[in-house]
Amino acid sequence: MEYCTFTGIQAIMYEHITNLRVRYAETDQMNIVYYGNYAQYFEVGRAESIRDLGFSYKIMEERGILMPVISLQINYLRPARYDDLITIKTQLRQLPEKYEITFHHEVFNERKKLLTTGQVTLLFMDIASNKRTRMPEYLFEKFAPYFTN
Amino acid sequence: MEYCTFTGIQAIMYEHITNLRVRYAETDQMNIVYYGNYAQYFEVGRAESIRDLGFSYKIMEERGILMPVISLQINYLRPARYDDLITIKTQLRQLPEKYEITFHHEVFNERKKLLTTGQVTLLFMDIASNKRTRMPEYLFEKFAPYFTN
Amino acid sequence: MEYCTFTGIQAIMYEHITNLRVRYAETDQMNIVYYGNYAQYFEVGRAESIRDLGFSYKIMEERGILMPVISLQINYLRPARYDDLITIKTQLRQLPEKYEITFHHEVFNERKKLLTTGQVTLLFMDIASNKRTRMPEYLFEKFAPYFTN
Amino acid sequence: MEYCTFTGIQAIMYEHITNLRVRYAETDQMNIVYYGNYAQYFEVGRAESIRDLGFSYKIMEERGILMPVISLQINYLRPARYDDLITIKTQLRQLPEKYEITFHHEVFNERKKLLTTGQVTLLFMDIASNKRTRMPEYLFEKFAPYFTN
């Protein structure tokens, strides 16, 4: 959780930090992390950010809500390398108003260098009806306190 | 399909050959294919060997049979490398008598060098009962002709 | 290779089509292809589009040019599923003027439904100097004929 | 680190425990972890077991020793599932006498159920000569204290 200030106005958002160690399997012969593997790092960031609210994506699925990804955007500034202990910053910058939710991610290495930025938009899908739906109330209540002045 | 002869005795079995191209994603910083990725190559070999019989694993799942893996064994003799067009030989050496089926695999590169050998044993699982079961009759009938003298 | 016509003007570009079969390993428990795996599908599309010109990315690396990815963008419209024989359309819409090259991708299933669109921008990097460089002449010559009127 | 007793004789070995959380990416449509992904879990177990000795595989590579895998064996007893916080037990049961080293692994879920057992044998390779070599002295010294009576 963090409150950020841009140009004198308090921007409110939910922010979470998690760490993970780059696996050998995740590198490629360019001696860097393969570009597709950041999708997994972002997934870990999202999952841990929700867990930190006392909830979990796993429980959401058990309660009948899936969250398929509908868009992914990544910029690669510097490579992550084998055995790097990377930091994944995950931000929810606004509460979802309709059926989608967007997470912003930044990946840093141990020397605090920004490696990657990205964003992932997911849909809330009701398993029973196979239709998109709004963010479930029980998740909304977890995020909402970070978005009030 | 192939009939192999060992020491004068005709060994009967089902054998299938398929090819695939090594992806960059599958390499690691040792400039070779990561050891865990051969499980995917064997999966492709198995799936294509069944498709070549006019059937598919996908249809089996739709008919209610899952095939979880219960053991995997791989020997790595030489590395596969990026962009190699590898050959995966898949053999069923005997018809399953009970609930398990074992496939043997060999991976070759374009210069016919043997890179890897392995074997995978899978269980037949009935989705409805969540219990192990025998090989379904419709699959047995596909394999059986290769095992008669 | 294909010439496309938009609003009466002949748009010139290089286009390549390749196919691949979705692996079980590439699915997740949502019964669809995991969102990060499309990076591999795009990689295959790029590699095969270059091979079709009588060249290969592997040879480029051997000649001292790396192509790290600097941005990735994907929109997921419909899911790809296990065993789908997908079609990957790869387009180079303009010849690179500086150090970067952008490929556009579309993924279709067997019923010709558009599943995914994406674009990948890569940098030309000279291994010896570890600096960005222009597209090597030998690759430029392969692409250029598709961009002349 | 642990000393185990079998049939009255004190068996000495090095043992390390690490934990990791199963990612969505690692599941497949059978709703379990894909069988090939355990190779990554074992890799994490090995890497962390070496790190716990105050060393790292990354440093070994920097000092000119690679450790390619030459065999892998896995038995799958029960599936690991999404979001499981699994425990990976890694054992070195004997000091390598020649060019190879074998690690034994066991994977448990949070309810202490044994999910998977496996073993991985790796070769020590000298990068400069591209030949197999003995375990480097600096690593031997880390392991040796666990194998003296």
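Here the chain labels run A, B, C and D in written order, and each chain numbers its own residues starting at 1.
As a convention for this text, a residue touches a chain if its C-beta (ideal position, glycine included) is under 8 Å from a C-beta of that chain, and two chains touch if they have at least 3 such contacts.
No experiment lies behind these values; they were computed from the predicted model shown.
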Inset, instruction - Tell me which chain's centre, taken as the mean of its C-alpha atoms, is farthest from subunit D. - result: C
Legend entry - Selected interface, A-D versus C-D, where C-beta contact pairs are more numerous: A-D
Legend entry - Centre-to-centre distance between subunit D and subunit A (centres being mean Cα positions), rounded to whole Å: 30
Inset, instruction - Take the average of all CA coordinates in subunit B, do the same for subunit D, and state the distance between these two points in whole angstrom. - result: 26
Inset, instruction - Please work out the Cα centroid separation of subunit C and subunit D, and write it as a whole number of Å. - result: 37
Legend entry - For subunit C, residues contacting two or more additional chains: 24-25, 34, 36, 39-40, 43, 82
Inset, instruction - Would you tell me which residues of subunit D are touching subunit C in their complex? - result: 24-25, 27-29, 31, 34, 36, 82
Inset, instruction - Provide the residue numbers of subunit B that touch subunit D in the complex, in ascending order. - result: 30, 32, 34-40, 43, 66, 68-76, 79, 120
Legend entry - Complex contacts: residues of subunit C adjacent to subunit B: 21, 23-25, 39-40, 43-44, 47, 56-58, 82-83
